[in-house]
Amino acid sequence: MTASSGPAPTGLRLPLPLAKLLGHGGGAFGLAIMVFFVILAVFGRLLSPYDPNANDYMSLLAPPSATHWFGTDELGRDTLSRVIDGSRIAVAVAFLSVSIAMAVGVVIGVVAGFFGGLVDAVLNRSQDVLFAFPTLLLAIILVAVLGPGLFNASLAIAIVYSPRFARMARASTLSIKTSEYLDAARLAGVSTPVILVRHVLPNALPPVIVLAALSMSTAQLAYASLSFLGLGVSPPQADWGSMLSKGRDFITIAPWLVIWPTVALVLLMLAFNVLGDAIRDVLDPSHTSTGKSPDTIR
Amino acid sequence: MPDDRTAPLLQVENLKRQFQVRQRGSRESQLLRAVDGVSLHLEAGESLGVVGESGCGKSTLARLIVGLLKPTEGRILIDGQDIWTPGAAGRDRRRKFQMVFQNPAGSMNPRRTVGASVAEPLTAKGVPNASEAVERMLELVGLDPSMASRKPHQLSGGQQQRASIARALIADPAIVVHDESIASLDISLQAQILNLLLDLQKDLGTSYIFISHDLAAVQAISHRVVVMYLGEVVEASDSTTFAQRPLHPYSLALRSATLLPDPVHERGRGDTLLRGDVPSPINPPSGCRFHTRCPLAKDLCLQQKPALRDAGSGHLVACHYAGDTTRPLEMSEEVV
Amino acid sequence: MLRMIGMRLLGMILVLLAVSALVFALGALIPGDLTSVIVGQEGATEEQFAEVRRKLGLDKPLFLQYFYWLLNVLQGDFGTSPITGRTVTADLLQQIPVSLELALLTLVVSTLIGLPAGVVAAVHANKRLDVLIRMSLLFTFSVPIFVIGILLLLVGSRWAPDLFRVSYTRWVDDPVMHIRSMAMPLLTIAFPITAMTMQMTRSSVLEVLHNPYIVTARAVGVREKRIQYLHALRNALPPIVTFIGFQLGILLGGLIVIEQIFSLPGLGRGMLEAINTRDYPMVTATTLVFAAAFVFINALVDMLYPLLDPRQRGR
């Protein structure tokens, strides 16, 4: 009984916020849409009526019909199948880029906050320089350097976003560093690496998780912009941003080519947004303002 | 000072700690002497009280003694051996100290169970099964062992304090420093916890250092009392002598600042309340640091710093004038 | 005061230096090599490569290359494009006015509409009008600029197919055509920026309206309209101005996208083209101009702030 250091918290803590999230009206809504898109992303190939890259020269730019619900594009490809296939990229980029940004940012921020000194100074100066670029501009240049593709685009977005994760992790680390429970741990003879993992990290993480949740929509948006500018995954892979870019040429004769990717894009972004707000409400009830960080990539 | 005996359990020699502080807007940093040449000693099983106003350096002293801060100068010896000896020897000596913190709620990681926090000194040592020891320790401090699985915020203030004491005592330390740890509790709880501490001291033979601004409480539970002002010791004595006849004008002022339940005494003690604030430890006053607020201050006090001298039977005081006369010092007569 | 401005200027110059170094380094990191662009991949001998490298100074260490590049840049010389054969500076001088015009017009439009709308929203806080304004805000916040652009294109192509589908025309060539060619891009980018100005003004004014001195003004009988539109707005102004810095990042990023959608020959389009054709001097030049503008205006806002906020003036 009364295990002193059992791993009970992780087993117990997870369902509680999840339950709260489902109780939160926006949270349930956002979660539902996100799960919908994740299912589309994972099982898309099974669900889509056609091969997203199969050309059908018999029905070029065909309007929506019983055979092609969302119509076809200039090569006769089925728009519905391509929108479904594009969700794979959108969801993957959002999760991948935010995960990388969070991992890198948290490590740098915690180390800088905890040890201070030179690491901290270097971090602050390099942040100043990174913040000197408009976010989209930086992402574009990084993709130009890294080359196109799913992973490289995610990496570029992650680099652009990691400073804000680092900044947040650093701020919470600074306040944890002076807490009495850290002194108590030091007095107990706990080594510095264990202190970092056991005491600093778990307490620094909640605000970072909130930031991650809120960053999902902006990351997805950033990728859509990159892809729209021709810096996303290479064709013929279906991708909402590039579909819009291409569909713009046929906007007067085939508006469905821009309408459906737009609907999908906005819907997923709305889901990420609402979900992010809900996660913040659950994890950080003291937060009252609904103002979002205005510095997002557009 | 009992220098002729074998080494006391704890000996602090001329301890100094300075901080570089930079004031807002200013470029140059200045030296803050938080602890400035403190010496004291403590025997096994004894309690020592350290009293002073906030900002007198007593918290820094506490952190220095337990080894959370490194001294700028001076030595801390346990059983005659320096706790800052490099390597494992020093580390082992530092482990003989524990601390009970000011804020019981903040001294436990909010995301871990009380049991995990209490067990930490043992798990850090690599003791394999700490849960039994935790149970025993919780019972010893008067907590139900089932509390171990709770989170700190699920405990009341008194329970949190008991848990902190359990954590401090679990690794069998030689000395536990209590940094204002009683002050944050309700009066009724204070008495309970103090009694608990005294019982535990009888059972375990641990030495205590009580750091507090509350002269009366410290006097009641300590064998010896040390009064600090601006980083320096101004008076040191065993607590019975001190209670009967404090010598330093600062000690007198501190005593009259506490309410006494005796109306006769209350009326007779006169107006010796402290005037003004504690001067900044960055630019401490010349001579005797207390002269800016001292009712006894004369020219000599501005120029020459009084050394700590024996006013009889080990009662140390740092004042040019205190305790000279045979009659007890009545400050109200001297006030200009 | 002067000392503070001096410090800010110094800080700005340091950041600009670091930015230029980063831009140069990133330019050098872009895969491929300027020489192969010039010489062409096929049939070129090693000697030809070495010859071109020497001519371009590419055989020197990177640090020296940066130094020479920076010296030239400071004299307004960004080199010659290996793709077009023109000097980069000549192209920049063509592109900058287009982007600058769009940016300035956006700021003017967004302030003229966003500021009053924000005050109205604050005064009517949580009434129907305010809710309506905020709903539209939520929409613009969750939609990327290029989606707005495409929706406008879609609507425009339905109801006024010819009015705004005009390729870019310079003012000096045909003022009317120029206005028609700029109208849609301006509308697109002004949309989210105006929404942001409005949002910022609303929350800023709302905060001021709860201040004691407003209550006092009310108590001594200052007319309500005067309070809301004069006292409150004046005191809400400083935070709104600092917000311009934030907006700028989005505005500059937006320019790149807008110029791409509407085929405007501005700086952003020039940059994307240069990236696609591996026109290195052009890539570094355009990036540097964007970043420098961003840093410069942010520093300017920083310096302007104390002038607007009397509490800061004494420092």
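Per-chain numbering from 1; labels A, B and C assigned in written order.
Everything that follows uses one rule, which is that contacts are C-beta pairs under 8 Å (C-beta built on N, C-alpha and C of every residue); 3 or more make two chains touch, one makes a residue touch a chain.
No experiment lies behind these values; they were computed from the predicted model shown.
Asks: Taking a step as a move to a touching chain, how many steps at least join chain A to chain B?
Replies: The distance in steps between these two chains is 1.
Asks: Of all the chains shown, whose C-alpha centre falls nearest the centre of every protein C-alpha atom combined?
Replies: Going by the distance between chain centres and the overall C-alpha centre, it is A.
Asks: If you average the Cα atoms of chain A and of chain B to get two centres, how far apart are those centres in Å?
Replies: Comparing mean C-alpha positions, chain B is 51 Å from chain A.
Asks: Roughly how far is chain A from chain C, going centre to centre by Cα mean, in whole Å?
Replies: 24
Asks: What is the distance, in whole Å, between the centres of chain B and chain C, each centre taken as the mean of its C-alpha atoms?
Replies: Here the centre of chain C sits 60 Å away from the centre of chain B.
Asks: Which part of chain B faces chain A closely enough to touch in the complex?
Replies: Its residues touching chain A are 63, 66-68, 91, 95, 97-99, 101-103, 106-113, 115-121, 123-125, 130-131, 134-135, 145-146, 148-149, 164, 167, 171.
Asks: For chain A, which residues are in contact with chain C within the complex?
Replies: 125, 128-129, 132-137, 140-142, 144-145, 147, 217, 221, 224-225, 228-231, 241, 244, 247-248, 251-252, 255, 258-259, 262, 265-266, 269-270, 273, 289, 291-292, 294-298
Asks: Would you mind writing out the residues of chain C in touch with chain A in their complex?
Replies: 15-16, 18-19, 22-23, 26, 29-31, 141-147, 150-151, 153-154, 157, 161, 192, 196, 199-200, 203, 243, 246-250, 252-254, 256-257, 260-261, 271-272, 275-276, 283, 287, 290-291, 294-295, 298
Asks: Which part of chain A faces chain B closely enough to touch in the complex?
Replies: Contacts found on chain A: 1-6, 8-9, 179-181, 183-191, 194, 198-199, 202-203.
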